[in-house]
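Below: a set of structures, written as structure tokens.
In the two assemblies presented below, chain A is common to both, partnered first by chain B and then by chain C.
Entry: the complex of A and B
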């Protein structure tokens, strides 16, 4: 790509971030070379613009219009936000404005869970994903979670809270790494809540070793004025499982990007998601599933409900390498448009280089089925209730694979609250 | 079983000779020097005695082209094209009208024979007068390199008010129609290759169906790339007025050569109220040899505008040839209740690359579109479906159904699906399905156990895989297409 393709508004924003890095770099922990390299990269290419294929539906211009500052260093009061964290009995790691808060966290005494960081990990590709370059350049803190081989670590909460900084827009770029040793198991419930204007740009690397299993449940319920741009890389070895579900309700402009690689035979990846969008929201769920080994399976069910003037985006790519024979890949993407001004853009993509595979995808976009509405109404249900019932039924397919009772209850409560606030 | 027998014949005829249609005809050519600049465009324009407005239009397109960059988003790879290393104008030398076939250039006749054109049509194509009443049923506008050598059936069509002639002639005889519609669907600056075409197009077909007329016969055209290093830039314009209908067939073969040839055609369709246009293509340009050497670069822009209410445009294509295909026949569904259809079979073998699909833009109310795309990849080829379904806010009740199926033969090829689905109307209903599979061992075993050879079994399964598309083709094309599929895949299953 030539420099002429770089939109100028984003250029300004890029400059601002790089300048901030220049001022901060003496204080930033860890590998300075990687940060410098990321800065060089960003300066050359800028933040992703709408002419880049991966960003054709999500325009960062509104982000570029903001001037972001460092989060204040004084200890913020976040009692109110903490009270909103769903009730899940598990040890927790709490980050406030991107920084680890020991006083609010409860790290399990057992099983090799370490917190430190930011650890950059080996999976991230700042040269491809520019927001990852931005994160690499400015990452200050993060969780480093390692579960030793053979350990069943149960459930762990990873909580991110963003406090209102008196109207000042702030940006933070946490860097998390999660690694499971051979045969290890973990359910990680990630919750994002916040208030005010901020950019939350987390990058997470997930390594699942042989026969290990990570269930990753994410509730993104961040502030209504927030920019939440997350990138996650997962690498799954032989017979390993990465089973994730993302519920996106919050934020003004959000994107959850996942790159999952099935690196050993018989690995399994599930990337399910539900997006509920109200007036003015833009949410993007982008995934790339790379089948690099034979006999692997990947499943995706992504549902989007749109009301008001909102815009939903789904981009899902399944890549099957030559060696990945007997791949079983499936992807379903459905969107429900409940208002006249909503827009849904969907790009399911297959890129296949092996011949003995079973890959399919389906996509539908439409409104509530009038016949189903009629059925319910004719049985005496009021219109609003009938709609609510149908929307929940629509979402149920994506939520069904979640077996963690408390997390599932938390998600259903969040959806119910959302529905109360945004009756379509 | 007739189809199988024919397939066998077809396979037989190529087993010793490679590309059956790869031959070159030596006819004296009138050729412009290599290169592209304003003078060449003026030369093309003056050779064709074009009016001033058309020259100005060409020059504007050229200026736009100079500022554009070659698109790089398609999943195709090729060496950079040197646009200055091509001839932009070549025409067979004019000879005074022959009195009988004996006077016609034997090389030209031999070419028609290889193309399989019936004798009577050959005579008409070569400009020999035939007695009335003995006319075959298909009108052909043969594009022999850049100039239409002859157009048949003009008088028969003229009786019903249909105009079917080379576009260069239409420019002179029906300037008001050409000026009104040329570039109205695909503007001169639409994309890189359309701009290039707009600047240098030499000829193509022009069809005008007046109000209420159903075209009495199927119209067809043969394209040939003949002279060495001549890029071909056809321009086709089809206009169907209220209540009219036409079925247009396009088939192409090209001689074998070593250097890649550029082909950047533009096809524009306009359908007014209640009009119907069916546009069918069988494309088997030279695909290059087994190592990918040579072969045609086929960068085509095709778009139809359903301007009127209840109008319908249907694209059907069977793509087996070309080293690279870059082609997205599209429909702009502007009129209320208008219908767009796209049926496609794309076969790639050896080192071929195809990036093809469609765009359905729903603008009017209750517009409907159907997309059925079948991709077959073999050898070391790459086959991509790329399609856009876009529903604009006013398109209440719009409906789309898309199905893309890919079949992989061998483990060195690639099959890709890149659909874009954009909906801005809640009452619109969009459905998309895509699958990828291979020819199953069960299917093969079933056929083999009933005495079919491996090759016949594959031919049969592939034809079955493509049936939904092939049945949309007009009769004569369907037969040719079935043969082509089998011939193209010959030797790819071992």
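Entry: the complex of A and C
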């Protein structure tokens, strides 16, 4: 154990990214000043290290040990990955290795979409989140999705495919914004698939105006050797809803970080998640929910299933400002350990400055109940089938609020396939 | 035919059954009665294969198959069914999904074709009607929020759908009011026939007014101390276990 090595490895990785930026910057689209500022920040602070509270449980050392390259510009072959995209009838924006692919996409008629450069948006905080600084410095592409006031835009797919570039590890940093005007509605289904070693470091800003509603369903089913570190900012106005569900079952080292702010009265935020982890996987779901207005409600149900030598992390912070009276905050984190070698770290945090609020949180870590196992087996279910049924029952509470039938079916199918590959 | 010979068993090395001999011929219903702690539930768990209930001596076979060597699910596929004294709650598992999964798992294990959803629901609704169970019990999670009586009826529903060849009912009458008791008894009686055998474990004679057994056995301290016809249950009801236990000792 040589803790002093860790900062230098991360420092080396930071240097490599900054050097890449220096070489590329003349060609990168968009606001050069923002990028330069991000580069200065990053050079000064480096990538997040294990001594930072927010990164205590997720160590980027394995990322720092990896050398990343630019994705090659020639058209990558992604037929196999495309075939794995679940069947959901909706227009789609497809990014391959971080770049928009017009030929694979079908732009929706009811949404304004701009691609071809990073959609920086106004919510991101590169000065606080170092991976966001990294993204800002190197972002090349992204989608800017706008739904006009009063429009119900139905369902839209946002797909990221990462191709195995003949064993070359690549890094890409897409930058998206999604804005819903007053009373607008959208279901955004985000799907991540990939092969080989890569870093996918997307940053997304979500703005939900008065009375608007965004349902954001994410299926993170990326390559087994992938690093997937996503950051999302959401700002929800009066009577607006940001209802999100994240299914994480891919990647080697993954983190989904969400900062959601309830900025107007009667806003609603749901940050539900299910993580399924096999041997060698590390997945982190980190949320900060800021209640800045009265009468708002936030809900988080996070379920993690761990097998083999895997590690799951949930960090959930609820901040209730003085003005946010009558806040209703709920957070439940449950983990099911199917192996003695698996580890779950759970860190709920409440910071409450208002006096009339209802906030509850709970965390449980357990194993499969032997009584339930025996009951099922005594009815004829083989052991593996009984386990699978109980694991799905455990996840049901998090999945049940999903009302989009095809997305729900896609998630169930991904879970079933995961279970076939990793029978515990 | 269930054949138990000199069965010794216990929980975690604590002996509870001390040499049980019992034969239940195909088509017969036998009752096992006995005071608390006599080993009644242990016998049901040893026969159904619960973890931690190990036989240390003797044998238990069903139609020549060595039950003690089989996994619980293999015993179920063979036709052995245990109606639990305390049915287990399964949050997140719908009752219909549970029943169909169990039925098809058994059918698969026996090399039979699976039952599709429409045929299953037809079967399930008919069975529920016979047990005076409302249709919405199929939609609810298994035993979650069920009353004691509903849980026991749900056990009998499973039996009606899975159609075992040997049912072991572990104090299925406990916690039932008289109406529920009659419904449960009718459910068991409906299964009776030349291919169906049952072991009914009970503390009280009451259930045996409605399910009249072919034989009654009295269990005490892990052994069968008396066997007889249905009249033996009446004798116990009148005189209690104490005299019979003292006589056997």
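We take it that the second predicted complex is superposed on the first by the 411 of 424 C-alpha atoms of A that agree within 3 Å, B and C clash if a C-alpha of one lies under 4 Å from a C-alpha of the other, contacts with A are read in each partner's own complex, and residues count from 1 in each chain.
Operating definition for what follows: a residue touches a chain if its C-beta (ideal position, glycine included) is under 8 Å from a C-beta of that chain, and two chains touch if they have at least 3 such contacts.
Note that this is a predicted model, so its numbers are computed, not measured.
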Touched partner set for A:50, first chain B, second chain C, both or neither: neither
Touching partner for A:342 - first (chain B), second (chain C), both, neither: first
First, second, both or neither for A:389, with chain B first and chain C second: second
First (chain B), second (chain C), both or neither touched by A:397: second
Interface residues of chain A shared between complexes with chain B and chain C: none
Residues of chain A touching chain C in the complex: 370-372, 374-383, 385-386, 389-390, 392-397
Interfacial residue positions of chain A with respect to chain B in the complex: 53, 322, 325, 335, 337-367
Chain A contact footprint on chain C (complex, rising order): 48-51, 71-73, 75-77, 81-82, 84, 87-88, 90-93, 98, 101-103, 105-106, 109, 158, 162
Of all residues in chain B, those that touch chain A in their complex: 73, 393, 406, 408-438
